[in-house]
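Before I ask anything, let me first share the structure, which is written out below as structure tokens.
Labels for the chains are A, B, C, D and E, by order of writing; each one numbers its residues from 1.
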Amino acid sequence: MTEIPVKIPAEPKSAPKAPPKHAPVPSARKDTLLYLDGVSRSFDGFKAINELSFVLMKGEMRAIIGPNGAGKTTMMDIITGKTRPDKGDVFFMGDVDLTKHDEPTIAQMGIGRKFQKPTVFETQTVADNLLLSLKGERRGIPALFYRSNKPDRQRIDEILEVIRLERRRNELAAFLSHGQKQWLEIGMLLAQDPKLLLVDEPVAGMTDAETEETARLLRDIAVDHSVVVVEHDMGFVRDLGVKVTCLHEGHVLSEGSLDHVSADPQVIEVYLGR
Amino acid sequence: MPLLRILALAVTLALGALAAERASADEAQVSAAIQKFATADGFSGVEATIQELGAIGDPLAVRALRALGENELKVTPDGAVVIEGADALLDPVTGETVAEKGPRLERIRIKNSIRSMIDETISALTLRAADPVVRMSAADTIFAAADPEQLEPVQAALAAEQDPDVRRRLEQAVAAIQLASSDDPEIIRASIEVISQRGDQAALGVLLGYRNQATGEMADAADEGIEAIETRLAMWQAGQNIWYGISLGSVLFLAAIGLAITFGVMGVINMAHGEMVMLGAYTTFVVQETIRNSFPWLFDWSLLIALPLAFLVAGFVGLIMERGIIRHLYGRPLETLLATWGVSLILQQAVRTIFGPNNREVGNPSWMSGAFELGEMSITWSRLWIVCFALFVFVALLFAINRSSLGLQMRAVTQNRRMASAMGIRTPWVDALTFALGSGIAGIAGVALSQIDNVSPNLGRGYIIDSFMVVVFGGVGNLWGTLVGGLTLGVANKFLEPYAGAVLGKILILVFIILFIQRRPRGLFALKGRAVE
Amino acid sequence: QETIKVGILHSLSGTMAISETTLKDVMLMLIEEQNKKGGLLGKQLEAVVVDPASDWPLFAEKARELISGNGVDVVFGCWTSVSRKSVLPVFEELNSILFYPVQYEGEESQRNVFYTGAAPNQQAIPAVDYLMNEEGVERWVLAGTDYVYPRTTNKILEAYLQAKGVAPEDIMINYTPFGHADWQTIVSDIKAFGSAGKKTAVVSTINGDANVPFYKELGNQGVAATDIPVVAFSVGEEELAGLDTAPLEGHLAAWNYFQSVEADVNAEFIEAWKTFAGAERVTNDPMEAHYIGFNMWLKAVEAAGTTDADAVIDSLIGVTVPNLSGGYSAMMPNHHITKPVLIGEIMDDGQFSIVYETPGLVPGDAWSDFLPDSKDLISDWRKPMECGNFNVATGKCGGKGS
Amino acid sequence: MLTVENVTLHYGAAQALRGVNLTVEQGKITCLLGRNGVGKTSLIRSIVGQHPPSGGSITFEGTALGKRSSHDRARAGIGLVPQGREIFPLLTVKENLQTGYAGLPSKDRTIPDYVFELFPILKTMLHRRGGDLSGGQQQQLAIGRALVMRPKLIAFDEPTEGIQPSIIKDIGRAIQFLRDEHGLTILLIEQYLDFCRELADHIYIMDRGEIVHSGPAESLDDPEVRRHLTV
Amino acid sequence: MILGRFLAGGLKSPVILISMLVILGIGVLVPVLNLAVPPSSPFHVADHLVPLYGKYLCYGMAALALDLVWGYCGILSLGHGAFFALGGYAMGMHLMREIGTRGVYGDPILPDFMVFLNWKELPWFWYGFDSFLFACLMVMLVPGLLAFIFGWFAFRSRVTGVYLSIITQAMTYALLLAFFRNDMGFGGNNGLTDFKDVLGYDLQSGQVRSALFFLTAFFLALNLLIAAAITGSKYGKILRAVRDAEARTRFLGYRPENIKLFAWVVSAVMAGIAGALYVPQVGIINPGEFAPANSIEMVVWTAVGGRGTLVGPIGGAVLVNAAKSWFTGVLPEYWLFALGGLFILTTLFLPEGVAGLIRKAFGRRAKAPKGKDEETDQPVADATAGE
């Protein structure tokens, strides 16, 4: 596998504006992988993200929880360039301003994403879904001359094994069940081998056993990747054993270890319930 | 037409009054002159006779002249000149019945130049009619003709005139005549003044006519007057353009609105939409034909009768189409293009086979004919009614789709047919009904379009492309989009046309649509939100 | 039993079906009548009908099919210029005969084609003369659909009018697309142009479907023939059948034939037509052209004693047959015919009242005298010249060049 | 109330159900469990009439459903909360709820109060477009929408998917409430074991298109039974 | 080398190989049957049929081009006739210049239509067309460039679905009106016609006809190979991914606009070549070719043949046009019923077109979901990527 160079534009000339209160200091931005500060976004007057600040260090795995409609998915939309924030800073690797880039560029920089509702290429086989996701060349013309090669095939086989779809590798993705599609999406994310994985509700619709499996998988990945996981399954979050951020109405309600967060009365009030 | 009828009535009344007032000494003379039509030799003979009647100067001749202008003055086989009335032959002077209607009446032939001559002669004869409306129109005809020979009679009429409006018109007529005939700079200057105050297209015509031959100072005076009128007219012109735009826009809207349902709401690429419009137009034709043959007095109601029928006919065909073909294609919207294209070929040919390939005559009922003046704008009744009708259809549909429970079900079905069914919505029924509604609406659009376009098997083809443009430009699935889209394209077209010409104007509009879609890839009234991404 | 095949190449579907279907019908009628009279050269005639569907390349394809596939001896067909242009090479290559029945822009003379419709000098120019002389028109609107026939006709008229001393600013030229349906602006422009104190007329070369909305708009906006007469070259009885003509009374058309022509042959023809096609059907000028063309062909074949193209082409020149206005039309060496020119005013019954007729027959001129490049050209297909574009200035065939 | 007998179902050549037998009792909560892709959704599809089974029979309230259309079944009282929510994206929340009116006589055409009590968020979002809601909000809407139909039986296909814990509890309470107060019969498909055990009156476990276990909720604690659910 | 390997990729599928051989075989057979077999023989192909069959093949090529974008890229182009016509015009302009002094006016430079509309000199855009090579270049360049510019803007602005379809229609409609204008210098409504010869050979001669026919078959086979190679490559997979879930591909780092643009331009060039071969065989090119209805017909052929199968649309084009030729001859008054009925029946009973029928006949399992539009029931809102 050859590494494709990703052009990372220089930091904008103008110095960042004075940091708002409670925000991490810019000097610290250097070591962060993901740096969101004062981000807001509203839809027809409805504030989906509200002065959100969020920092992820390199190599860190983070779990995000929060009530339905808290803005978790929207946050991922903003990071991946799907949604533009109304205001606020979004930086990747300390100095890449993500708000200035579109989805393909951001993806090529190394941010991969699994969607909440599984979206796979239904008219392609399972294996081709993975082939298309494999890290590497993304331009069209070279793809004309692409020839299947050993490392690629091996990688696909590996992933198929992980997501337990070997037996269905040559079937169209449309024929998978809901949960299998979830797995395929995870597989596609693995194939991309991004620096940062954004995983939106990976275990929804999985059995408890599978959930455990997934937690193990993510922990493995987190060894040399950064990961953001959104989940409502507290058992799963506990299995991950990482720092947890709870969002509510578009901003951070509580942050810390799972025990800390789940003891927070506000979190109990809006999220966990009694 | 009503105006004409009022005029005719007024003339009769006026003549009656005149006849009572004056001794019938001239009657014999007039009668004798009229009789000469029977032996008149060709067009020049007719012209000479009219001149003679004018020279006699008796309003008694008006009835015959008018009949002549309307091709009702006939010669019987035994050489008598009569007026062919509705069910009898009338005396050309008195208007009394003289004979039963017989065969082989010979028409006294006229042509355009004779028609103008008749108009002018009648005007001269009716300058003193009792009815101010008649006098007014007489004055206007004289104004436009500016025949120096009329100067004296007009001045005489002016002296006797009481009605201030008619007086003004007569003054203008005098001015026009003087402008054409006088050499006195003072008179001319005054005339220009009077005429430019009139300020309409006719006044401009008279001044321009004078300007062509004027020199020196007089020319300057004329120029001034012309300029004054032109500035005034230019303002009206803008208004007129907007009106044309709105009326074109409402035609586009009407043509497209059915498609906004079958395509916009249901997602069926309905290539047979134009044919639904055509069916509506042909229904109008059949209704009118039946009325013409059997119930002529109903003619003015023909469109109102045709509307529901057209809705039913087109709706029914739509229903059959949906049940027979479209319903097998849900989930394969692009293939509906192929099937509906086939349907459109078949419908076209069916109509061609049944009604023949030619244009069919669909008449305008009286309330749809002619135009009225609003300031210097001329607004045709047919267009005005079409605009009103378009708005009415729009409001009704908006209500049906957005407020009624059937509308809700329609939208639910088209967004997720399987789930809608699981909610207990009878999807086949709703589908059929929606498609029938869209087709029916196209049908009633056809009724309106039959009033301004030709009714032929190709009618639909002419509208299908425009309709798709309008729906897409406005934003698929949005009725407001279709309305605003239609009107915008209409108005834009009408403002471009005078500068770019009709062909280039149309090209520019298309380029505009292409560019606009780049700016707003989902049309004017784009649906927003995560659902559509 | 062997038959002589006659090809009929008229669109029965598509945009032109509206005009051309009638011509197919009239051909069928003429052939039927001829067969009743015993056919031709002792054989029956057989009509071969195809549908080129208003699709111009399809005309060429169908022409080829008729001639080499079906083996027809003569073809009656085409309406638009482009369809004729499209089939020209086919007729030349396969050496067959085409009778073309529609008034057209001229500027063409081809050995295999016989033009029985009017050339511009048989329609446009007399009409303009009439308006100028009889109605005193001084200002002209030349309104047409943007294609070759109106363009050429208007070029010719413009040159002609200017030669007659009409100032350029008194001529307004306006082109619209095919099937133009919204005439509001143009009609109001015409009204404005016409209110400049000079008698104004519109010379309309508006084609096909666009006419109905145009006339409806004229009627609605109250443009009366006494104010601004419109003279049209493509509007005949057939087109008026789709209109309420009451508001249009007095507007004009120039043709070589009207249904209202008072002549015994015409009465017979109308009678036969109505029996054949239906009582509500009308007759029009291109139908007469086919009537003339068909009879000319019959006569030429009889004279030649064969249907062989070369022989018939030669014997067609000089053939004279009755036309429907009571006179005779002759085929001239340039493959155009002589015709009377009639001007009619629209009446409220959808018919025309003939207000003017040229004193004699007008011979069709293939090359207009009013276009600089064709002034010097003439056409004569008789031996020894045998040429469609003889240049009298250079004394050679082959156009104006070299 | 609902009996599924020997039902088989094919997608093209692939068989998804192989002779499934299952009974849902009146006024009870019946829970169906199984790994991914074993055919749970397929069974629901055959019950609500979205995909015709290729064999076997389904009886609802004593009448065989046979080839009856999906909407007839809905009108007969089978409600559905589908997997993937299937909200009408361009209808407002209110309109989404109102689609449930289709089978109701006009006097019943109201949204029951308990819908808003269960899911207060819906009340505040009545005029937003369904497609704009977050995943969990849509799930709540989907449940509310099914309730508007006043069904006799509701089939829930993984209703807790993507829902925050507090609302999962609410849903659990709601399901119980519906059973107890309204006598609703419930068929529940779930992956979330604890949730199931708490609610279910009876459970079925499915594997590879077949029912491999049937028993009371407690049987879930049996490791033998659990084995069907592990990878 | 690379190119060879790329093209070899297209031959992987036996269907393509067989189809190519069949097309080339026809390309040889028809001329032979026309020229070498005496007219009396029942195997003789009549003269008038050669250009007719040639025309079908040109239409087949256009349908193939359309299938490349519609079947594999999800772009329902309602304006492919424009590319076809532009290619045709480029070739027509060359043939026009070849006429030389043989026009009716005998003007050595100006075509006839310019002479009688009083043009004084040749407009600049006619320069160079006296050279055959230049014309060939333009045949590809002009449609390619138009497609490039149009696609560049449209794909970048993320215009998709029916919006894209309708603006392609607007494009061809605008061109139709523009080419109708006599002021444009392309012969207005009459277009370009009365061609005499090509490269000095008489266009009317049997040999040239046959050569043209063979060339058409050759290019059709070549284009089929190219299309198969494109769609069979990894690029083809990306293309289909873009077709089904454009937004999703972005999150994988692909740029759908560039991916689509390439196929779009290739397709336009193919259509242009088809147009260029069409013109000398039918002998006329006029603005009618730009008519939206023509483009819609291309879509119809493609659908009848079977979208997304490459070979199918070629068959569809031939089938529909042969049916049309036949019906217009035997049922001149009623052929539209027959043709319309054919379309309806195809959609109802052959949802995958003729190709699907054949595949079924050979017992192969039909590939089920064909594209996004067939999968979703939500034409208005195809939610694709994410929530």
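By our rule, a residue touches a chain if its C-beta (ideal position, glycine included) is under 8 Å from a C-beta of that chain, and two chains touch if they have at least 3 such contacts.
Since the structure is predicted, the reported quantities are computational estimates derived from the model, not experimental observations.
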| item | value |
| --- | --- |
| Contact distance in steps, from chain B to chain D | 1 |
| Far-end chain from chain E, centres as C-alpha averages | D |
| Chain closest to the middle, measuring from C-alpha centroids that were averaged per chain | E |
| Separation of chain A from chain D, taking each centre as the mean of its C-alpha atoms, in whole Å | 30 |
| Mean-CA-position distance for chain E and chain A (Å) | 44 |
| Whole-Å gap between the CA centroids of chain C and chain E | 36 |
| Touching two or more other chains - residue numbers and ranges from chain E | 177, 180-181, 247, 333, 336, 368, 375, 378, 380-381, 383-385, 387 |
| Residues of chain B engaged with two or more neighbouring chains | 348-349, 415-416, 418, 461, 477, 503, 506, 527, 529-533 |
| Residues of chain C touching at least two other chains | 12-13, 146, 175, 177 |
| Contact set on chain A toward chain E in their complex | 73, 77, 80, 82, 102-104, 107-108, 112-113, 115-117, 119-124, 128, 131-133, 138-141, 143-147, 172, 174-175, 188, 192, 200 |
| Chain B to chain D touching residues, read off their complex | 405, 408-409, 411-412, 415-416, 418-428, 477, 527, 529-532 |
| Touching residues (chain side chain E, partner chain B) in the complex | 76, 153-154, 157-160, 162-163, 166-167, 169-171, 173-174, 177-178, 180-181, 247, 292-293, 296, 299-300, 303-304, 307, 333-334, 336-337, 339-344, 346-348, 351, 373-381, 383-385, 387 |
| Chain C partner contacts - residues on chain E that touch it in the complex | 46-48, 51-52, 55, 101-108, 113, 115-118, 177, 180-182, 188-191, 193-195, 204, 282-284, 286, 288, 325, 328-329, 332-333, 335-336 |
| Parts of chain D lying in touch with chain A, wherever the complex brings them together | 11, 14, 33-38, 41, 83-84, 121, 128, 132-137, 139-140, 158, 161-170, 191-193, 229-231 |
